[in-house]
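Should a chain be cited, it is by its letter among A, B, C and D, assigned in written order, with residues numbered from 1 in that chain.
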Amino acid sequence: MTELEQIKEDLVTANKVLAYHHVVDSFGHVSIRHPGNPNHFLMSRARAPNCVEVIDITEFTQTGDIVGHNPGKPYSERFIHGAIYEARPDVMAVVHNHSPNVVPFTVQGKKKFRPIMHMCAPIGNDIPTWDISHKFGETNLLVTSMEMGRDLAKTLASRTVSLMRGHGSVVVGKSLRDVVFTSIYMEINADMLIKAYALGGDDITPLSDGEVAANTKGRAGFTYERGWENWCRLVDRPYYPAAWEMGPGFSKTDPTG
Amino acid sequence: MTELEQIKEDLVTANKVLAYHHVVDSFGHVSIRHPGNPNHFLMSRARAPNCVEVIDITEFTQTGDIVGHNPGKPYSERFIHGAIYEARPDVMAVVHNHSPNVVPFTVQGKKKFRPIMHMCAPIGNDIPTWDISHKFGETNLLVTSMEMGRDLAKTLASRTVSLMRGHGSVVVGKSLRDVVFTSIYMEINADMLIKAYALGGDDITPLSDGEVAANTKGRAGFTYERGWENWCRLVDRPYYPAAWEMGPGFSKTDPTG
Amino acid sequence: MTELEQIKEDLVTANKVLAYHHVVDSFGHVSIRHPGNPNHFLMSRARAPNCVEVIDITEFTQTGDIVGHNPGKPYSERFIHGAIYEARPDVMAVVHNHSPNVVPFTVQGKKKFRPIMHMCAPIGNDIPTWDISHKFGETNLLVTSMEMGRDLAKTLASRTVSLMRGHGSVVVGKSLRDVVFTSIYMEINADMLIKAYALGGDDITPLSDGEVAANTKGRAGFTYERGWENWCRLVDRPYYPAAWEMGPGFSKTDPTG
Amino acid sequence: MTELEQIKEDLVTANKVLAYHHVVDSFGHVSIRHPGNPNHFLMSRARAPNCVEVIDITEFTQTGDIVGHNPGKPYSERFIHGAIYEARPDVMAVVHNHSPNVVPFTVQGKKKFRPIMHMCAPIGNDIPTWDISHKFGETNLLVTSMEMGRDLAKTLASRTVSLMRGHGSVVVGKSLRDVVFTSIYMEINADMLIKAYALGGDDITPLSDGEVAANTKGRAGFTYERGWENWCRLVDRPYYPAAWEMGPGFSKTDPTG
């Protein structure tokens, strides 16, 4: 198996893992920047994540045109992905979802979406909500053009997450495992946070900015692999181990290696 | 397989898909207008949706009489279906359910049932609650006569959904896939909406009327098929693709085809 | 298979059905009055409901003594069952459970437990909470003697359900199917009711006494069988159809038979 | 199979049972004091609980060093376990988790975490929340040194549970079955308690101290085995029965043996 073939296998796995964790259902999508061409990205044709196979993986330009192999109609919201890869060279993978416990936060402004558990820290403490109507009026809320995608990317800016009013969210990552991890724990955090607000009202204690930073930089392959192996097993997919690459940020967390 | 045979197969699938998504449990039912006779409709005999087989599909007149093949006792609430087909020539399929997150909305008037996510837009912003006691006094709440069914159809009027106090709801659609889709996302919307109200109190932002309209007219075979293929797989039923028939309303959503 | 053997098979099925619906977990139990001796009852030895087999079914006197076949240690709370059979000749089956959405109602007095959906009507509008400490002081809350069981039966009186503070509830029925049905829909009702109170505050509309009565007397074999067939399938147990025995109370519900 | 081999099999089972009940997901861990050397403990290498096999079980000193067989990288938070075994000779097993309904309690102070159902009594009425930042400032919240572990053990003191702010909790037990039992029912209690507070506000009735004591001392092998047999079956693991050892505290509960 070539490196590209294995990446496509992992992308299929990511689709099924996100569906297993209810981050996506029949809708929502996950992409990765093309490993051989940073101006292109890989994503399934328009198919429910749980049904995606390697043959469905399509190569796109950042403006959403299909390159080469064309397995069928693409997602109409592929511009979300293209516009973010265009604006954010640091981003290697993108998830767009209708994560069920996150959507309630997108339609109100009284209670902020904040990380309250260390596993969920990478979503950060400053999470904007993009409202498509501010610039595009009354639409069906779908991001179906580069102009819309770029407006969303502008709201996202350098962050990890942007909520999307009445719709869902977009999550970005440094790798496929990273973006899947953040998406799963964002949904878990949302469930916990709704309950924390129910108990504590406005008096809850989210992670501090320093704690968010310490968690985010300290997260390494070690952590991702523990989740990824388990998720592969849960969705009955082959597990291809990745290097742990413990960066310097990880040394404080586990000095014994 | 004839067209009618395939339609019956899809009706069996619809029963199992609704059960899988907890829209129905051992109770609740789904029907379609007879493709060869608009004055008749097709529905299972009185059996739990998850157990329904093709042999159980029965043909009914709009007043609830069995035509031809009689596999056993019919649902005592078949008058819900008949009265709606009678009043609404545009309706091709009907679901009656006790959707668990929707029922709480039927027994209170403080918080309105509104769509807060684009997938759920077709339920609309004007959802009435039919109360059987207003006309029929203290009953067991079941709709067991054409008189009751017609009263419910009158409350439903030209809408997609009517809640039923202390009971559940009725959902109508332009096709079997349409009514299943709306029923599933109505339950999802109800779960999200309860949480949105918990967070935001009365300050939440439902979809606007223009957004509801844009979503509803823009929904085409493309979207239904993505869900239907996935649901067939989840309930282990054969998937018979339907034509996508992208209407003019869909062009804005996905100009690239 | 003799009638008694089939009854024991159905009792095993009831155990698994209640576990499937989370009414019981590793704890909780279901019994039936002995069909051949109204002074005795049948119940598993002390085993998790999901593990119960026919060989575990034990015959008990109403004071909790084992008669004949002794497969092992009995439930220490068998006195709940005995005391109710003693006090209530009309009761043919009993469930004791820690139903997870019902327990929250047992530890507070602000929000009453009421039926809000027609399927749940048999629990009634007058549901007491038995508090073991009122008569027995600080215990481990288990009902481990006939004295305790009789005190609980006194609180239950002629009702269908009594909550038990900090513990769970007891549910009685006219048959095994009846008590399983009521137990499942009581748990569903509790989940819906918590959400209804969250939405409507104190302004919710439970079923009226007349609606409760109409539902309860109208419930017949027809309804029970639809659930029971489905539940047998869900827990992979054989389904033994029972007679529908439509009583006079059912005629209004379904005049077409 | 030697006694040690069977203990390792049970430790594998405990990992899977905790994952099945959502007490742990890809993260969290369970350990037991080494039966042959009270200064050592046994725990998996750093692997998702659901994936753990006997070959992953590692022997550790109380300061977290690996003894003998080294199957791979250890959990970076093994110091939680070591420090508690060091401080509490009575503790035979430890679980660290991010139990999803418990975490909300850790980030607010308005609503106390209390047992409201008899099965959950062993968590006790006096449950502290350890905040890593009080002594260690802004960290990634992980307990990655003996100094941190000892600080947590000091907050735990002689109790059964300590919450950990923004993280999860630690639970200790007199045996592996005991700690698994308490962990599962702590999660169930948290779900029930959130709902009880929603219904009753501040007016809820937790178990009294006497009721907690009566339940905790009365819990014996009889109870543990009923759960353990069921859980083994649910996660498809072999069940090795343990002696029931009914202590004197159990006699009141079940005088008939």
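In the analysis below, a contact is a pair of C-beta atoms (placed from the backbone, for glycine too) under 8 Å apart; a residue touches a chain by one contact, two chains touch by 3 or more.
Note that the structure is a prediction, hence the values are computed from the model and not measured.
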Common contacts of chain A and chain D?
-> none
Tell me which chains count as touching both chain C and chain D.
-> none
From chain A, the most remote chain by mean C-alpha position = C
Interface numbering overlap (same over half, different under half) for chain A and chain B | different
Quick one: report the Å distance separating chain B from chain D, using the average Cα coordinate of each chain.
-> 46
If you average the CA atoms of chain B and of chain C, how far apart do the two points sit, in angstrom?
-> 32
Which chain A residues sit where two or more other chains touch them?
-> 198
Can you list the residues on chain B that touch chain C in the complex?
-> 25-27, 46-48, 50-51, 64, 73-74, 76, 98, 100-101, 103-105, 107-111, 133, 137-142, 144-145, 165-168, 194, 197-198
Which chain C residues qualify as touching chain B in the complex?
-> 116-119, 121, 188, 191-193, 195-196, 198-201, 203-208, 210-211, 213-215, 218, 222, 226-227, 229-231, 233-234, 252-257
